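Next come two complexes, and both contain chain A; in the first it sits with chain B, in the second with chain C.
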Partner chain A sequence: MRQVWAIYRKEVRLYFDSPIAYIFIIVFLVITSWLFFRTFFLLRISSMRGFFTIIPWLCMFFIPAVSMRLWAEERKTGSNELLMSLPLQEWEVVLGKYLAALTVYVVTIILTTPLAIVVGALGSPEWGVIVGSYLGCFFLGAAILAIGTFVSSLTSNQIVAFILGVIIVAALTVVGQPLVTMFLQGPLTVLVPYAEWLGLANHFSSIARGVIDSRDIIYYVILTVLPLYFTVKSIQASKVG
Partner chain B sequence: MIEVENLTKRFGSTVAVDDVSFTVKPGEVVGFLGPNGAGKTTTMRVITGLIYPQSGTVRVNGKDIWEDPVEVRELLGYLPEATPLYDEMSVTDFLRFIATVRGIPRREIPAKVDEMIKVCSLETMAFKDISELSRGYRQRVGLAQALIHDPPVLVLDELTSGLDPSQILEIRRLVRELGKEKAILFSTHILDEANKTCDRILIINNGRLVGEGSPHDLAAMASGETIYSLEFKGDTALFTEKLPDRFKITRSQPGIEGYTGMELTCSDPADHSEELFDLTVAVGGKLRQLSRRETTLEEVFLELTKGGEA
Partner chain C sequence: MDGPRSYWQRHSFEIILVVVVFVLVAFVSERIYTRADLTAEKMFTLTDSTKRVLRNIDGIVNLKFFLSSDLPPDALPVAERIKDLLSEYEAIGGSRFRVQVIDPTNNPEAKKRAEELGIPEAQMQGVSRDELVVKKVFMGMALTYQDKSEIIPLVQNPANLEYDLTSRIIKLTRKSVPVLGIVDFSRSYDISDPENRSRFTLIKQALRDRFEVKDVKLEETLEVPEDIEALIFLQPMGLSDEAKYVLDQYLLRGGNIFAPSEAIMIGQQMQAFPALPGYDTVFKEYGLDLKKMMVLENRSNAMARFSSGMMIVQMPYPMWVRIKPAGFSKDFAPIAPLDSLVLPWSGYLSLQENLPEGLKATPILKSTQDAYAIKSPFDLNPQQDWQAQRANAAKQGTFVLGYLLSGAFPSAFPDGPPAPDEDTREERKQLIAEKLGSIAHLNESSEPGNLVVVSNGRFLEDNYLQNFQENLLFVENIADWMLENESLIGIRSRSVAARPFKVEPTEPVKNLIKFGLTIGLPLLVVLFGLLRWGLRIRRRQHVRQRYMSGG
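What follows is the complex of A and B.
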């Protein structure tokens, strides 16, 4: 565990010693606040619903931008040569790196809580819904980040990692949306529940309603653990090559 | 102790390392010599568990890369080629990170890092970012991270590349010093370096081990020849005729003042200078110069890796 901690510390440092984390946090906060306040005073409803509905769509672009460097950069500079010569199991490195990226995301999400305070000051929102939504944000982000980590481990090009990450996450999000499910007609209607189950944002919106269903949690846990497992496998495979 | 057994590594259809076996014992500095692309780095990467071979195995102090990869890496200090480091970290932070991952107890880390900074003469750079360091200093940081856990086995890829002549001497001295108790395998394509630093040399070409031995043995093994050059005055034809079979005249060229410059090769490594002198006297000739030299490592290397890079 000390090894995981060492990797984690190193990665967190690399995020916060360079402008990446700050740019990410600031841009994320500016965009979410702007999109939120644009309609908040017009609607005059003390709810954060509008804020949370845009979260899955923002995460689609923002999180792959955080995870893209995790492995791709090390491959590019060759420092993975050094990293992998250290007495570590592959999963320890994967976990350390993943948790560091997750920290950047969690910090960002925590920094959006002043919005909740503003909402609370101006009215009386349903706090249960807000807390549930934040929990949903965490699970959603954790899953997207795991996917991004896996994609990053496949390439030495950060841009490729980013674009591929966005495409995969977008596909997983869109698949559960009415936009796609409405085309599943006739005999294909049997697929609708599966498509809806697969949709990343669907589970988020059900948690965001304040309903914590174990099925949603299991979905996100699977979607987090599986990509991380594949990351370990992809790193092991690159050694056999 | 490194034991490499029948190692074969292919990348697609290219055979990078082909059935290579050798050992490096503790207290031994072994130079891994070969032209570019001969398979040196690939072999070293297999030893450090960065890649796995198609067949064969490597054991480090009895631990097998297939069974105990993590233990193997614990026993090793590895300096990768081109010294990739974390540019955003300062030298001290970087060494602390390595020390932590290497499992050095927390209390001992600051002392250990200081020690490495001293051993590798990095005092003036300790708090600088690695990205600001020159090639030579990067190399030293690379060496420091390889030594920090005092490993019994060192694998150093292109150890002296990018260093200036005085740094090279310094590093060589350090390697010799470390080599008294550790098993060290280092690769280079500079012959002189292998000659001066190693107890033993392995020559690899096209993925195959083509020569092995001490610099001296290797010179004898490759050609088994010694070269005599002499300047002779007298009956050259008679001298040539009376010359024993083991000598071969490779060059004969009339020079000034009636002397003929000759170069002979001898298949017997023993010193036959006296014999040549006696022969000259016997045919009534005169000698102005007679010298004997062994084939240099360079000649051996070129001989063994013939056609390798061309």
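What follows is the complex of A and C.
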């Protein structure tokens, strides 16, 4: 784990020494706050629901923007070969880089907590729901980031990694929505539960209500661990190539 | 050549194995799972009854929730709550319970479908940007199972939605229809009426429209047919001891009885006096007393019409007690959402000090705390001085006008079946011997039963039901519950607080918060970045200087 920690520290420093993390955090904060305050004072309800509803849709674009450079850049500059020549195992590098990117996301989410403080100051919100929603944000972000990491490991072009990441995450987000399931009628009705299970946003909305369900947690763990496993395999494959 | 493709090929077995393991984990997790509800009032914890009902659905129940997207702002949190609860049903029901939310706004086909199903476009008002807005919206549900359907035309208050939904799912999916028995002892007020018609024709017809109903001729047959799940009494005065015994034993065998019991009798010439003993002599043995004093409410009452010479006058009448929403028990879901119930010339109920062991008493109807009770002789004059009546009342405060007794009942006939009077006709004696002799006497309940008592019998009569239709809703809900109470036990009404602002910030404060968080906070992040950048440059210069000086 010492190697993981070393990689993690190096990557985190890299994020915060370059404008990447700041641009991500600032744009995320401006957009979420602006969208939240469009209706907050109009409804006069002390709830953060409006904020958490937009999170899956924002993560769909923002997180692939962070993850796109994780491996694609290394492949383009060839620094991955240098990295892999070090006495490190592939999974240690993958995990270190992934955790560093996750830290950027977590910091961003933590920086939205002043919204919760405002909501609490103006009324008496359901704190359980807010805590659950933040937990949901964490799991959702972790899963999307893992998918983005894997996609980034497949290409040396960051733009391709971004677009591919957005497409995959968008597909996973909408697959469980009524927009899609309503077309699964007749003999395809049997597919509805599977589509709903796959839906990233479905599991998020469940946690965001303040209900922690082991099924949602396991879903997110699977959707985080499996892409990271594939990332390791992808790195190993590129190494032998 | 050992390239990436051959790498994937070589590791294909491992990769497939890992994927299979994850699929298995997902599969198992869908079957063995646990949930924690973090909301303050456990808003999303469905009762065991609902979970059982959902897990036992044989087939698929489809729920279509027609919900307009352009709701007034006040209705938005309510709609969210409803959708949340539906998601919980889906989560527990799995593939057996499917929910589809349909927005009929700008969708004529969906609008037509909703109206065909019996879901109307309802008018809803709310405040938007300090203006009162009235909108026509859809907010109703249709549940379908095989070829059957149940409708909730308008869901405005999700507080009772679990009860409403679960009871409808039970109705849709049950294999056999439970039977409601009606025991009607009433006779026409008009003594010249050759048919001697019942005074409860409307309630009986309404119940027939909703349930499988059987008339039970209790005095003639001295038995309750076996397929009767629940019994409703209409005017049970002058019951024979034998009929009381049959009812006692029915209840002890797990029966369900709704007994609106008359405390005050009103004569033809509008004289009022305490009612003669009826079924109240039986439930007295269970620990519940029917007090034959009249309850009055100077504020919470209904309007009554009286003829005054040539004129018909309508005026608030304190002797017609109106139960307001706060008077309906929130612990008894079937009636928790009701707004009103009118009980004309009502007595009240009181529990004895020592309730029999195993019996639970729940007050389900309460007057306001401003109510008072007067003793006989009763003056029914609508134009009397009510303040003086109150000042001279025998008792003041909150009165319980309805009780639910549930659990294990002791028999009101501990010595066994009552012996017939000596002057009883021979035929009757034979009937008594045959029917009562065939009952294996119980001294205590073999199965838990339910007895709902209201201290008023006439509120369901045709002439009151025509004016106070909310009384019908009360009885229908009680009947629903009695027929399905095993499956609906424990479903409670949930408070649905919208959690509005405690303090309304002024415009400058709103702007400060809005711009502070939308622009100020990101600016702080920029400042932090610049500070870090500046520190890095300084550190770099420092290092450079050290090397330079060292060199």
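Quick note on the criterion: the second predicted complex is superposed on the first by the 241 of 241 C-alpha atoms of A that agree within 3 Å, B and C clash if a C-alpha of one lies under 4 Å from a C-alpha of the other, contacts with A are read in each partner's own complex, and residues count from 1 in each chain.
Basically, a contact is a pair of C-beta atoms (placed from the backbone, for glycine too) under 8 Å apart; a residue touches a chain by one contact, two chains touch by 3 or more.
Just so we're clear, the structure is a prediction, and the values are computed from it rather than from any experiment.
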Task: Partner chain(s) touched by A:L188 [first = chain B, second = chain C, both, neither] - done: neither
Partner touching more residues of chain A, chain B vs chain C, is chain C
Note to self: A:L88 in the overlay: touching chain B, chain C, both, or neither? Say first, second, both or neither.
What the structure shows: first
Problem set entry | Contacts of A:G78 with chain B and chain C, given as first, second, both or neither | first
Return first, second, both or neither, reflecting whether A:I7 touches chain B, chain C, both chains, or no partner chain.
first
Task = Scan A:I159 for contacts with chain B and chain C and give back first, second, both or neither.
result = neither
Taking the superposition on A as described, I'd like to know which of chain B and chain C A:I167 touches: first, second, both or neither. neither
Have a look at where A:I222 lands relative to chain B and chain C in the superposition and call it first, second, both or neither. second
*Once the shared chain is lined up, is A:I54 touching chain B (first), chain C (second), both, or neither of them?*
neither
Where chain B and chain C land on the same part of chain A: residues 17, 240-241
Residue set of chain B touching chain A in the complex reads 11, 45, 48-52, 70-71, 73-74, 76, 78, 80, 82, 84-89, 93, 97-98, 100-103, 145
Given the complex, residues on chain A that touch chain C span 16-17, 19, 22, 25-26, 29-30, 33-34, 37, 39, 41-47, 49, 111, 114-115, 118, 122-129, 131-132, 178, 181-182, 192-193, 197, 205-206, 209-215, 218-219, 222, 225-226, 229-230, 233, 236-238, 240-241
Note: in the complex, chain C contacts chain A through residues 2-4, 6-8, 11, 15, 18-19, 22, 25-26, 29-30, 33-40, 43-44, 73, 76-77, 80, 84, 87-88, 91, 94-95, 98, 100-101, 128-129, 498-505, 510, 513-514, 517-519, 521-522, 525-526, 529, 532, 536
So, in the complex, the side of chain A touching chain B is made of residues 2-3, 5-7, 9-10, 13-14, 17-18, 77-82, 84-89, 239-241
